[in-house]
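In the two complexes that follow, subunit A is the common piece, with subunit B as its partner first and subunit C second.
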Partner chain A sequence: MIQFRFAMNDIKRNVKIVLIVIGFLLITGYFFMLMTTTLLLNLDFVNEVQRIRDENITFFRIYYPSEGSGGITSETQRWLAQALDNNRAYSFVQSPELSRRLGADVIFAFGIFDEVFDIELEGTKTSSSPFKILFGNKVNGLGEGDLIELDSHINTSIKAEVIGRLPRGASYLTPHSSRVNKLNNSIVVLAEYETWSSVYWPDSQILANMCFVNTPTGYITSFVEGIVDSSSLRIIPASFYDYVLEKNIHQIEDTVLFLLFFLSIIFLIGVGIVANLLLLIDRNLREYAIHRLYGATLTDLYLRTVIYVSTLILPPFAIVYSRLNSLFPFMTSHVDIGFVCVVISIIGIVVIIPFKKLRNQNVALCLRRD
Partner chain B sequence: MKKLKVSLIISTVFIFISVLICSMYTATRLNYLQANPFGLSDNYREIHVISDAALEGEIREQLLNIVHDQEITIIIDNMDSLGLGVYDSQEFFVPHDTRSGNYISRQEFLSLEPVILVKENSYIHRSSIENDNIYTSGSREYQIAGTYDIQHPLSTHNHEYIYNLFLEEYMSGSLYVDTESEETFASLLALIQENSYQCYLVNSRNNGDILELFRSDRYFLAMVLGVIFSLFSVSVLLFNIFHGMKREIAICVLFGATKFKLYVGLSRKMFGNFAIGALLGACVYYLVLSRFQRLQMPVTSLLAILLFCCIALFVLFTFLFFVSKNRVKDGEWV
Partner chain C sequence: MDSVIEIRRLKKEYLAGENRIEAVRDISCCFEIGESVAITGVSGCGKTTLINMIGLVIQPTQGQVIINGVDSTNLTHKQRANYRNKIFGYVVQDFALVEDYTAFHNIEIPLLYSVEKMRKSERKRRILAGLEQVGLLEFATTKVRNLSGGQRQRVAIARAIINDPQIILADEPTGSLDSQNTEEVLHLLHSLVAQGKTLLLVTHDQELAQQCQRQIKMADGKLVG
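Our next item is the complex of A and B:
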């Protein structure tokens, strides 16, 4: 406690420098942590994309016609059902109404969604129901065998059976976003497209999220022609892997450069803190010597230095952490340990040289008169 | 003072790296802000058109009459169109290389030849190869004149081919008109206004300068602040070095050194440290950072950054030396 008071006295004497350093760390720390989080998210995404590279996934870029609307017709629905229910492709659609009612993100998944993203645990209950529910780890109030009522668009009540939990860390990808979509707080309704389309209105999201897996080009070409002829939409197939990699590779490079920049600045601020500490130790040498004579150990002096450095470093990083926590709540579990390690490492590195100086100090020498 | 101060050299290396990244980012952003869309000349104007009127019959004839015999480049960029519509009678994009084949010639533009350029490795490119270099859009068949890659100024993320805009039926989206003739532009604008739901001139010209960057780009602001923070930290380090040399300087002063003589002696050693640090920074660039595409630069730019770092740090040292409270008083360094 006494060392804490001494450290606070040091801060009072150096209040301008302390405030400036806290300001510097607040700004630099924020951008450093932001870039780290962005890089982690991007790398996570690219890793997932690499994992499904061999699946040879093809998605579609949609061009809407200038005249009229390119709505999905019954013929388009037939093409979609043929592709999805014959296990050639997967797609999904979000359901905001159900999400509101059930308090978790609800997505309807079609085709081989569960196989591509490996979301079915071994031993998951089998069911003949056309609507089967899997729920994420953070979803409470659902249990295997429960029957959930889903609101349809034609006032027919549909019962879906809960067949089990999603594996921990289950996720899915879409070419339209550069992040891995975690399913921890989601409910996935696995559905047959034909049955789904008989009770829900057609949704162009399904075509936008449609992905063929390991499908011969000939079949994809006939699918494109079928959609173009039946809906007046123009769709162009593209390789999922090439598209997302082209889109993300520059972003990753930019993030790494920003990270390098802010890392350099944090290093230089660290150098500034060390230089300031050495000046402070020089100024306090006589005081340290008197403390030592009155029974303070070297550890007490170390403690005083650590408290001083922690007061400089911890508040800005705590503010940065709480801010990032609100920006990326889903990243918390990934970042927690890394964040603590970074802060402890910074404090550890900063105090090494002052500790060395304190250890090598000759107390008697400090008390002599010049 | 020992000739080499490791802490100062390492700090200079990091300052060099941060200045290098900051300057390359600034250059890239300024270039982006000041560049015209599709690399068009400063004569270009942008019109936003919302129309579902078919570009056919009389309207097409009138438009063609306006641009006939004129040196003009028109580009229509419609997000919902697979192709980018171009009419380029002044052959503005001819100097840019295509990957294969040739760019659509002036004659082909004027005679409304159904030829297109396709983006390399696009779906249309792949499917047209299987179809004898013919691409079918609606009822019209296009001959593939050549391919272009993402380096071409007309390459966009949304479009897979470039076509003669008078061959398509609709004119909707952002229209870029590059012509020196005010009269031609006025007639074109009047005609489009008559035949569209909505048509207005957009001021998309970017005269972005460094102030614009400060206002609009928080990363740029953070980087500039970062460089200032790093200089402040080096100032504290320099103060610490001065402090550590107190006794040494006091002895020099006892033997008759003035503050200016001390400055000259110190500055030689300091500049040496800064130069070594900056050179090591350049080595780090060649070994590691040059692998980043964004950081590739000519040697002259690297030398300029190296010189800038040395001079900036030297100026900082000079400033700190003369503003520090230490001075020679009665033959002593106090």
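Our next item is the complex of A and C:
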């Protein structure tokens, strides 16, 4: 604690420079960590995409008509039901109303959603109910066997049974976003499409999220023709893997460029901190010599320097980190460890030269004013 | 009398460019408990180097400094720091005070590094007692840059004795003081000897040297008398 007191004295003597450095670090650190988080999310996404690479997933790019609603007709529904309930495809829709009521993100998942994203649990298939509920690890207040009332669009009461918890780390992918959608705080309602569409009004969301898995091209072609003929929508099949990989690689390249830019600014700030430290040490040399004369060791002086540097570096990074953590609450614990390692490394690098200067200090010489 | 410090064949060499300079050459002697010894000699004869080696501020190139029977050559950095904190009290010509600390905080330094941990209140009590001993109690909260030369040197003496050291190493302690302050400082130092402390006083002033019980004369890095 003694060295903490002396380090605080150093801060007081340098308060303007300290505030400027903290300000710069706050701004640069924010963008740096934002880019890092984006990059990690993109890489995580690409990894997940690689995992399902062999599944040969096809999704659809949808072109809406310039006039009219482009709504889904009963014939379109027949095509969707045929694909989803015959285990050729999966799709999902989000339910904002239910999410609000249950306090967790609720999605209705159809077809082979549970198989593709490995959220299948023992017992899932044995339940004959058309609506089965799985809930994420962070969802409280639900238990196996509970019956949940679902709000339908036609005032019919539907009860769904909770059949279990989702596996830890369960997630799903969609070509329309560039991140892995974690299901920790979600409720997944596994539903038969035909039953679901009899009580809910489907919209084009279900088609936008529709993905065929390992389906012969001929079937997909006839599906596309069926949809185009039965609705005013135009859909074009595309490879999920190729599409998201291409889109993400561009994003990753852009993010890396930004990251390098902010990294170079942080490097310059680091150089500034080192210069400031060297000036501080120069000014304090006599004081250090007096302390060493009366019992301080080099370790004490190193500690004082580390505390000074940490006071400059830690608060901005902590503020930035807590802000980003609130933006991306799904960041996992290894990101926390990575963050701590990065900050410790920065402090370590910054103090190398000042430590050398302290080690080479000639106490006797510093005590002589001449 | 018991020997508190014994130096054996002490030698210190410096490198100045490619030249090797011998600041202290093969000095051996003893200092007893409670004696005052003046180390005299012309400027540059190696007095300060000798006292810095005795005070464990610099490492000798060769030889031994034995303090209370312990060979300091074998001490670790931490042990050397503890010796500087507990065994020695240093008083130097230009006071070696931290200019923007108060008198109180300057005197506090040795207590902060002391092995024996003490409460803040006890620390305060000892510092104020030290200030009272040197007649500067009312200047406790004054920054030392605002004190006169004599007052500064008295703060330095209070700091040197705050940990109750056995040995006072005074390197030209009156070098930048007027005659009245010189007298006051010397009086303080000799009162410490009267309390049983050993005083090694480096000076080139014969008048000051004669006030000590023993004189050692140095020339060209060697003892000459």
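The rule is simple: the second predicted complex is superposed on the first by the 359 of 370 C-alpha atoms of A that agree within 3 Å, B and C clash if a C-alpha of one lies under 4 Å from a C-alpha of the other, contacts with A are read in each partner's own complex, and residues count from 1 in each chain.
Quick note on the criterion: a contact is a pair of C-beta atoms (placed from the backbone, for glycine too) under 8 Å apart; a residue touches a chain by one contact, two chains touch by 3 or more.
Since this is a predicted model, take the numbers as computed values, not measurements.
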After the overlay on subunit A, what do you see for subunit B versus subunit C, clash or fit? fit
Comparing subunit B and subunit C in the superposed model, the one touching more of subunit A is B
Considering only touches as defined above, state whether A:Thr38 meets subunit B (first), subunit C (second), both or neither. neither
Once chain A of both complexes is superposed, is A:Ala296 in touch with subunit B (first), subunit C (second), both, or neither? second
If we overlay the two complexes on their shared chain A, which of subunit B and subunit C does A:Asn181 touch? Say first, second, both or neither. neither
Taking the superposition on A as described, I'd like to know which of subunit B and subunit C A:Glu253 touches: first, second, both or neither. first
Which holds for A:Thr221: it touches subunit B only (first), subunit C only (second), both, or neither? first
In the overlaid three-chain picture, find the nearest pair of C-alpha atoms across subunit B and subunit C and give that distance in Å. 13
What residues on subunit A does subunit C touch that subunit B touches too? none
In their complex, what parts of subunit A are in touch with subunit C? 2, 13, 286-287, 289-298, 300, 363-364, 367-369
For the complex, give me every residue of subunit C touching subunit A. 48-49, 52, 57-58, 77-78, 81-82, 84-86, 90, 92, 94, 96-98, 100, 109-110, 112-114, 159
Interface residues, subunit A side, partner subunit B - complex: 17, 20, 24, 27-28, 31, 63-67, 221, 234, 236-238, 242, 250, 253-254, 256-258, 260-262, 264-265, 267-273, 275-276, 278-279, 282
Going by the contact rule at the top, pick out the subunit B residues touching subunit A in the complex. 7, 10-11, 14-15, 17-18, 21-22, 25, 52, 78, 80-82, 121-124, 127, 160, 170, 172, 219, 222-223, 225-227, 229-230, 232-237, 239-240, 243, 289, 292-295
